[in-house]
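Labels run A, B, C and D following the written order; every chain starts at residue 1.
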Amino acid sequence: MSEKDTGRVEAFSDGVFAIALTLLILEIHVPHLAAGASNRELGAALLSLWPSYLAFLLSFGVVLTMWINHHEFMRCVQRVDSRFLFANGFLLLMITFVPFPTALLAEYLGEPAANAAVAFYCGTFVITNIAYNVVLYSVAHNRRLVLHEISDMALQKVRKSYQLAFFVYLLSFAVALFHAVAGLVICSSLWVLWASLGYRSEEA
Amino acid sequence: MSEKDTGRVEAFSDGVFAIALTLLILEIHVPHLAAGASNRELGAALLSLWPSYLAFLLSFGVVLTMWINHHEFMRCVQRVDSRFLFANGFLLLMITFVPFPTALLAEYLGEPAANAAVAFYCGTFVITNIAYNVVLYSVAHNRRLVLHEISDMALQKVRKSYQLAFFVYLLSFAVALFHAVAGLVICSSLWVLWASLGYRSEEA
Amino acid sequence: MSEKDTGRVEAFSDGVFAIALTLLILEIHVPHLAAGASNRELGAALLSLWPSYLAFLLSFGVVLTMWINHHEFMRCVQRVDSRFLFANGFLLLMITFVPFPTALLAEYLGEPAANAAVAFYCGTFVITNIAYNVVLYSVAHNRRLVLHEISDMALQKVRKSYQLAFFVYLLSFAVALFHAVAGLVICSSLWVLWASLGYRSEEA
Amino acid sequence: MSEKDTGRVEAFSDGVFAIALTLLILEIHVPHLAAGASNRELGAALLSLWPSYLAFLLSFGVVLTMWINHHEFMRCVQRVDSRFLFANGFLLLMITFVPFPTALLAEYLGEPAANAAVAFYCGTFVITNIAYNVVLYSVAHNRRLVLHEISDMALQKVRKSYQLAFFVYLLSFAVALFHAVAGLVICSSLWVLWASLGYRSEEA
């Protein structure tokens, strides 16, 4: 099990990312109003769904950013083995899990229990980040599966950015226990940052 | 991140399109009749689901047409970068969102609140169209990512048709506020038009 | 839009087939028993779900057989154009629709309204068959998109088998109105037949 | 239908595996507490969902391991035919079925009816294992579809490990009738074992 076939793993991972992204919409529920409800009432009901829209948007952004990261990361990988497949499987487990904390966020944002919901949400990404670090280790430790042309410096840069993300997610978890919105802002800042960095780096 | 790998982005986008299409069916719910209901009663219940069938059909048609557009558009793209990936991500966000307004349409078509439901539905496509324009801009601005053999005239033609669609969707939104069915007809006219154009252009 | 790129269409179609297959399971619902229910009660509840298992099995078999057909059929196709894409889109619409009549079957099999449910189920495949014929026409009419090495006789054979299937599905629809189980057996006979033919032809 | 095109079958199978994995999350339901519930109450409700998390984790692990197996196995296959496609289809049927026993497990673990739920869960994998053996037979019988460079000894090793797994799953089924947790531990031991074997074999 040591030949070059990153293609099938990438396709499989992409499938899981794409499905997890798309399942997020199932957590936004159509409001069921009494028969004969007016346009005004439906409009108000649609507006009151804002926590669902926001949770959908945030989680979509996070998972998309993580997919882009995975996409870039796989370009450093020469071949896969079982160890990598199980590390990647742990990562996919966490990606698959995302719709649940998203639904939780949608239900409890703006409620007294928002702290628990946001902390659970941020905690999910702490563990997801650990999964990313495990995948990185399975590839980069002793350059086991790394393509020849990738420099040690480039690997070090990826490692640094994954470690930074770990502390940001951990911080967002801790902050969420005291201030739900602040925790959510910190947790989501990362992908907005990465998205804008992506834009910036192209300008250079 | 500036090499030729449109393949993985296309596969990922196709996955999201395919899943969004397929999830539409989850919004058609089996009628739950009292035990011992007759064939006639079940037949009547199935007929009364027409708004669900119609919403399913319309949204399937729209998303399929958008997929075909995406498919044709990607043939002009030489390579992808982060800026493109985030623009495309915004587009996929909107595609993923479609099952929600579709379910809304199925629930409120033929009800007094139909205007709000259809306006929300059409409004979704206004924003989806903006996403298409952002993707186009990310590729075609200064011909950043455009294949050499694509002429400026061909790009201009795509730009024009995306801009036309914007005004049609905006019109459908405005009309829906006053006449739900008329709004829906305008909104859906585009993909029927494109489908028949597709047919025609082959004849030539 | 007239180059060789059947690859992306096949991948997209495969995605829709795979998702439609997999969504079928969502229609089997876990029985919710009162707290403290015994093993015997849960066992009985699981057994009483037989219409759901049967509906799942039948629809899975049909969709899988249709996928294998699509798979074989695409090997005759040289290139795709918009006309083909929309014909194929109509087919995918019908494949996507299958989970709904499947859920209907699961709910009403063994009930007095079984005739209506089975007729609706069989009727879905009448229309699906029409979609297959439209796809075939879009490819084979005047050999528009047919690979050079495919003989007219081979095309004629496919055409015949699609037409035969049309009459079998229509018959199953008509029979279902008078005898639900007989209709279902006729409707399902086709894929069992094809599956066993597949086996046989390999022996030769 | 006897040329080399394992690519499309692999992609299709991967799609079904990926979707079945991802649908597992839909069986974890957000707790609906009374309005104004406190953080402590939500935290407690989230903790009490442990059977859902556990069922999700176990089934994800099993399906992922089965995907890795399928992935390795397909590397021995030279070409596909209808017989293989139907055997593989039976396997995909069982993979697709997994979310249902998983939801059952989540609902009844820790309840008096846990034996029936775990036995049903383990029984699913007995049949899944039979499907794996049918796929193996369809490929390896008389080396029908086996790549030239795969030795008889390697095939024999796969056959042995599939047969071993059959007895472990059967044992877990029988044990579950008397002791639910013990049955579940035996059933899950296989993929943990395979995962760690994967790790070990790389070290060598």
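Here is the rule we use: a contact is a pair of C-beta atoms (placed from the backbone, for glycine too) under 8 Å apart; a residue touches a chain by one contact, two chains touch by 3 or more.
The structure displayed is predicted, hence computed values, not measured ones.
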Subunit D and subunit A - chains in contact with each: none
Longest centre-to-centre distance from subunit C, chain (CA-based): A
Superposition rotation for subunit A onto subunit B, Cα-based, multiple of 5°: 90
Classification of the subunit B:subunit C interface as same or different, half of numbers criterion: different
Distance from subunit C to subunit B - Cα centre to Cα centre, in angstrom: 25
Mean-CA-position distance for subunit D and subunit B (Å): 36
Interface hub residues of subunit A, defined as touching at least two other chains: 11, 15, 19, 23, 26
Contacting residues of subunit D [partner subunit A, same complex]: 10-11, 14-15, 17-19, 21-26, 28, 30, 32-33, 35-43, 46, 56-57, 60-61, 64, 67-68, 71-72, 75, 195, 197-199, 201-202
Footprint of subunit D on subunit A - complex, ascending: 1, 5, 8, 11-12, 15-16, 19-20, 23, 26, 81-83, 85-86, 89, 92-93, 96-97, 99-100, 103-104, 107-108, 111-117, 120
